[in-house]
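Pasting the structures in now, so scroll down.
Okay, so chain A shows up in both of these, paired with chain B first and chain C after.
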Partner chain A sequence: MSLFFIVIRQLAEFQAMASSKKVITREEWEKRLSNVKVRKEDMNKLVMNFLVTEGYVEAAEKFRLESGTEPDIDLATITDRMAVKKAVQSGNVEDAIEKVNDLNPEILDTNPQLFFHLQQQRLIELIRNGKVEEALEFAQEELAPRGEENQGFLEELERTVALLAFEDVTNCPVGDLLDISQRLKTASEVNAAILTSQSHEKDPKLPSLLKMLIWAQNQLDEKATYPRINDLSTAALEDPAV
Partner chain B sequence: MPTSATSNHPSRPEDLIGRLNSAHTPYEAKLKALRDLKNQIIGNRTKKLAFLKLGAVPSVVSILSSAAAAQGGGGDNREFYESVLIQSAAAIGSFACGLDAGVKAVLDAGAFPLLLSLISHLNEKVADAGARSLKLIYQSKRAPKYEFLQEKNMEFLLSLLNSKNENVTGLGANIITHSCQTTAEQQALSEAGVIKRLVSLLGGSINQKDASLESLAAMVKENPEVSAKFMGPENGRALNVVIELMKDKHPRTRLLACMCLISIRNTSTSYLQDSGIKNTLVSVLLELLDDPGPVGDEAPFVMSSLITGKEDMQKIAFNANLIEKLCEHLNVGSYQAKRLQGIFLVLGDLCSKLECCRDRVLDLQKLEVGARHSVLVSLLIILNKVLHFVTEALAHDSAEVRTAACNFLKNVSRSVKNLSAGQFMNEAVAVPLVQLLCDSSSSVQTLEAQTIYHVNQQILVLLLTLLKHLRTSGRIIGLAKSRFSHYCMSFDSAPTVESPLQLPFIHMIAALGAISNVVVDFMAHKSVLMQCGGVKQLVQLSKSMESAIRVNAVWALRNLTFLVNYRCKEEILLELTSATLISLINDPEPSVQAQALALVRNLVDGTLNSINYVFGEDGAVLHAIARQLRSTSKVEVQIQGMYALSNVASGNELHKEAVMNQLLRQAGNDAEKTLVKFLQSTDSQLRTATLWALINLTFPGSPGTCRRVTELRNAGIITQLKNMVNDHCLDVKLRARMALGQLMIFGDSSS
Partner chain C sequence: MSEATSQSQPPAKDLIGSYFLDLWCHTSKTLAVKPETKYASEFEEEEEESPTELDTVNSSGGFSVVGPDKLSLLYPSVNLHGHDVGVAQANRAAPMKRLLYYFEIHVKNAGSKGQIAIGFTTSAFRLRRQPGWEANSYGYHGDDGMLYRGHGKGDTFGPTYTTGDTVGGGINYATQEFFFTKNGVVVGSVYKDVKGPVIPTVAVHSQNEEVTVNFGKDPFVFDLKAYEAEQRAKQQIKIDNITIPQDASYGIVRSYLQHYGYEETLKLFDIAGQSTVPPISLVPEYGFSEEDSMYALNQRRTLRQLIKSGKIDETFSTLRKWYPQTVEDDTSTICFLLHCQKFIELVRDGKLEEAIMYGRSEFEKFKKLSGFDDLVKDCAALLAYEQPSKSSVGYLLQESQRELVADAVNAMVLSTNPKLKDASLCMHSCLERLIRQVTACFLEKRSLNGDQGEAFQLSRILKSGKKG
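Right after this comes the complex of A and B.
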């Protein structure tokens, strides 16, 4: 991503110049910034990358039409991926598993951890719905063999089955499993696995760019005073405090 | 009444299969059953095995076959048939995924050509499904070998690699990774322009990069020519691309880039030798060891290929604290077999040459558990633990773990510093070792013969390394002893594997000072082995079909019998029986013959009782020795045979006469020739051995010596001896003079 390096290089130059803490005025800073040429296509690619990875299929389609940026992936696959994610988020884990298998049977066959977590989520949903008998049977038939294969799975399984031991599950030590955040965690794991299987980065590039910006500013802080970006949502330059 | 599958209640495997097989099931229901089956088995090993047992694979393959035929005939139901093709291909692929038994079933059911035909299907989803399943099959060792050398096959492969479909190019790459083995195949692929295509795939998606790196590694492996071509100008900056990929974001890509570079590196001593690359390879792989998934499982194997046999790389890895990292992993424990195998493999490599590595391993474990020998004990506990895994697959894997662990143990035990402290031979080590030997032999049904062979080989070598330590102490006793007798001890080094360990000189002096103690110790060590059934096992193994095992087993017995008391020998003899001994002497393999004769040589060394042993059953053993001596052309066999006879000849009059009989009288002119031939041998050891026999036969003071001297004279031995008094080999020279002297005592009465 050329944009990264332009920003980094620029910041590095400042760094090199600043032997003691140098003050850079707003005008000077803006002049320098305007000297940095960022290609519009690169910006668009970044946006598209974000929309695709996060699964905003309609926005991606609109953006494609408006900007002419081609996504690096078939947009139809986003719909499928989102359907899987949504199924997990709403507790229809079995449905999600079938959808993943239709999408690409290799994913769950070669990713035991993900498969276990989906099955675990299925068990959690059964317990949530008060289907105790069924939950026990499912844990025995489907999950116990996985626990035998892997010590880590066994521990997680034990924790999950412990849910059955409490009257008031919302207030028990393993209650967090019933939390909606557990569903979201599983959903994002599936999402990442599908993206990886499609040779796509599992994280969008934009957040890393922001991380890099923060890192670079922190580095620069030691050498210079300059108009900083403090509010990332507006990216407003703030006058250096002299 | 149809059974309806509720969402949380998967249908029973038997019912599902019933519906798949029944001619009465409507097509739509069959498709649903197929999809059900697929969703049940994906990711679920237990279910795969259950369905496999019920014969699900042939059913699915036959559905695939009829759907392929039906849609070939055209018709309205195209979409339906395509769904059947997709679902059945996916189910077949899942059976083949990560399960060798599944791959076998799939191949046996004839799925392979059907799947191949799907690749060119117009519906991309069908093509995808077919390519994916084939890819999974080609990830197994059981997949059929692809014959690149046939022109049509090469064309087909190129069409796969040039496909726009990522699964299809992936399949092409997997085929190369799986089947490209010989130099000719590598060459053919290279000439067909495959390298260029693979290099272009390096710029593709993550999956394509990975597949391409793996195939490239297979193509350049041990092939300097293809390597040179890859590095050559026509592939431009391909090498730089791979070097860059070592720093890729994805762990798997980093691992495969390392693997590819190591493959190139290992083809020539001049490629990729700068310290930058060396350090990067080590540090990237070191980091990958921490990966919790399959990448972390494979990383040790790649590391091993980087450092095995290369001292400079071992040193770099040592300095990068690889040993600390591995021991950390080992102490965490609870790893699957493959990870353990890899860790032991690398530890074994590191400890193969560098003393600093052995030292570090032992020191780390000392810190960890408090007592130095605990590392061995804990290792053996792991070995034993793994041994008790019940399922077939794990037993297979664990055998490899045991092999790797044994190899590591063997290499660590070479540590001179620690050896001299006498750490390695105590009951805590010996008992589990012999136990291992027993267990692996009795589980023949569950383990592949090859693996067993390998494990036993390793254990034997390990045992022998331990014994050799004792032999070094024994050598000192031998030196002292030879001053008082004319026995010739079996001091020559072991026939194979590695050079014997040498105790530092200072230890030798200390040992000499405490010879009596050493003898006690020496005996104690050996009896530990005997008490825990080591002899029985070794005797069993000496009857193995595998000649390498026989050699090692007899070799171990031979070392065991070296300088032990008669009681121990008797125990060994009782177990061994003279019939076995004779058949070993007559073994088709010369190396076994030599070891068996050396065993006899040790057995008859010492008291008259021992010598009497070979006289049992009408001197059958002695007879066998002499016969072998006359017929063999192998010097190693001749040497051991002569020494054996020479030790017998050191006994009483009866013994000397028997040897004389075998050597001279029995075979008439032939024998004369044998003796003279041996004395004229270019091998100084054989000359020495023969001279010792003559010395023992003509030892003054025995009643029949005079007669024997006369006979030897008549056989023309004197002339021969006179030619040897100035032999260039000092040992021969001295023995020849000694023999001549003894012969002369009885005067020149005949001349």
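Right after this comes the complex of A and C.
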């Protein structure tokens, strides 16, 4: 074969290598996986962090006993925080505000947005219970002054008051405010503010880790084919397409 | 499963046994070598060496003088042309297995022309030219504030710098860029179009120019930690934007509790989960139906509690009663692990004579197991110290060792489930498999990136966000 053809063939091979991705077989990948040693202690900490941040107090206490893992925040503070969260989730906003102030009066002082959202939720609950006059009074006395200070608040306030204008509240343009998801949103906000005030991260670390897995796999997909985990709840490896 | 498949896979017992034995060997090697390491660095890779001073062996013959502390550079004479630059490289290449690398120079004297440069070069660099004037080199020059990256002509980059200024050069492996700073402020960055290791480089070129170099011995003028946090935050935003199924974490925690037999925690967790708003719905785990993961939950819990309290004799008798098949082979790995643990517990209680007698009667029969020598040596070493917990084999007395044995027993019991299809499901929880996968992906990504950048480190995630 002449040199010319040898060179052409070599170029074609280079071309193929450049555009194709590295292929890692199941066997090879499993070998690498088995080289990764994960400390049980670290996994326990991740789980404890989840229980504690999400507020599963009793489970966290029990986990401490059963696994010997120390929680990274004082479990007593969780009970208080969960009481606030539940109060908001059940629509008892006044009660929630009182509890937050008992826990730490600075939280609402330093969080005007949170405070506004709590007041807004109070208004929503008044409207939901048909207490129209009380709602209007509350809106004018408590919320309007806040609205004057902040354009965003004003818009929210107007949206909320608009609920009163409709007969069929559940089907009106601002009907989503009456949805339970609105309560949950506010409850989440309060939960996060309390955690932050206690110098604790407001999100558990486990979801972040799951996101990192997805991100890392997406990044690696650009350069290699390898067994992926596509279902987080099973962590089953799926073979690369041959 | 066909006859052929089940024959080709070794019995579950062996797989499990060897897995945990291997894990113990790994711990022994990493911890026994560095007993004072806190858990964080235990499974991390070896530290790469960093540059510490200027290299005097290779520095260009005679044009510049490296100070006796090897951290300063002086150009004593008058330069004649562009091939008599006084260049000094660091004594090693910048480490690559991390997010950032950084070093600084301080201009003590800009001399007659201020022709100072800071940058990065390779080992092939001709040490008579300014960094950036040759291919595969980069230099930020003080006299014109330009960035040179391989040609004689530079690009407009930043301010000039002179006497009294502190200029830094860094590498960002995530973005594959070089970046430079002046007096604590980032000047700019440029794509790093060089493969392989690069060496921090300094150059001087006019009479009386003098610079000092800081490879980290002294604090930097630039707030590197803050910059690092900033870079991580940028990457984190991309990651945060990824969506995951709503109750994924909940499900993983639940299966973790089931897998390792944390029965009481699981009960309370389930109760709490039912009253969550909105209620949580779960899909059963693949390969393991709800029944399977709850298999022997109470028994596994009991066994774990026994081992964690150091009651090994009771563990043996309980296993013989409930799952005799796991301990019937007296020379199996699981028996070895349990006997060693009994030995350790005797030492912990100060019953040294009893421990010796126990060891003598029990250890012999496990001689054929791989890793046997090293592990028994570790156990026996406990006897040599007055304060064994502070010794290099002190790890044996920690909770983590009891945990290892408890997890091994847990896996053995799970393997007795007649409905079990895959032995590997006994050994690793879903969470562990996820962590392994993300670690392996990061490592492969890094390897394809010329081995540059960070690996995934669980300890870093656990430590992040801690204040005070």
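Note that the second predicted complex is superposed on the first by the 222 of 242 C-alpha atoms of A that agree within 3 Å, B and C clash if a C-alpha of one lies under 4 Å from a C-alpha of the other, contacts with A are read in each partner's own complex, and residues count from 1 in each chain.
Simple rule for what comes next: a residue touches a chain if its C-beta (ideal position, glycine included) is under 8 Å from a C-beta of that chain, and two chains touch if they have at least 3 such contacts.
These numbers were taken from a predicted model, which means no experiment stands behind them.
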Inset, instruction - Quick one: classify A:Glu106 as touching chain B (first), chain C (second), both or neither. - result: first
Inset, instruction - Give one of first, second, both or neither to describe whether A:Glu149 is in contact with chain B, with chain C, with both, or with none. - result: first
Inset, instruction - Name the chain, either chain B or chain C, that contacts more residues of chain A. - result: C
Legend entry - First, second, both or neither for A:Ser199, with chain B first and chain C second: both
Inset, instruction - Applying the touch criterion given at the start, work out whether A:Asp239 contacts chain B, chain C, both or neither, answering first, second, both or neither. - result: neither
Inset, instruction - Have a look at where A:Ala59 lands relative to chain B and chain C in the superposition and call it first, second, both or neither. - result: second
Inset, instruction - Could you say whether A:Glu28 touches chain B, chain C, both of them, or neither, answering first, second, both or neither? - result: neither
Legend entry - Partner chain(s) touched by A:Leu220 [first = chain B, second = chain C, both, neither]: second
Legend entry - Set of chain A residues, in rising order, touched by both chain B and chain C: 199
Inset, instruction - Enumerate the contact residues on chain A facing chain C in the complex. - result: 22, 24, 29, 32-33, 36-43, 45-47, 49-51, 56, 58-59, 62-63, 65-68, 72, 89, 180, 184, 199-201, 204-217, 219-220, 223-224, 226, 229, 231-237
Inset, instruction - Would you pull the chain A residues touching chain B in the complex into a rising list? - result: 94, 97-98, 101, 104-106, 108-113, 115, 126, 131, 134, 138, 142, 145, 149-151, 196, 199
Legend entry - Contacting residues of chain B [partner chain A, same complex]: 7-9, 35, 38-39, 42-46, 90, 93-94, 97-98, 129, 132, 136, 166, 205-208, 293, 334, 336
Inset, instruction - Would you tell me which residues of chain C are touching chain A in their complex? - result: 23, 26, 39, 42-43, 238-240, 242, 244-245, 248-249, 251-253, 255-257, 260, 262-265, 268-269, 271-272, 277-278, 282-283, 285-287, 301, 304-305, 308, 399-400, 403-404, 407, 429-445, 448, 456, 458-459, 461-462, 464-468
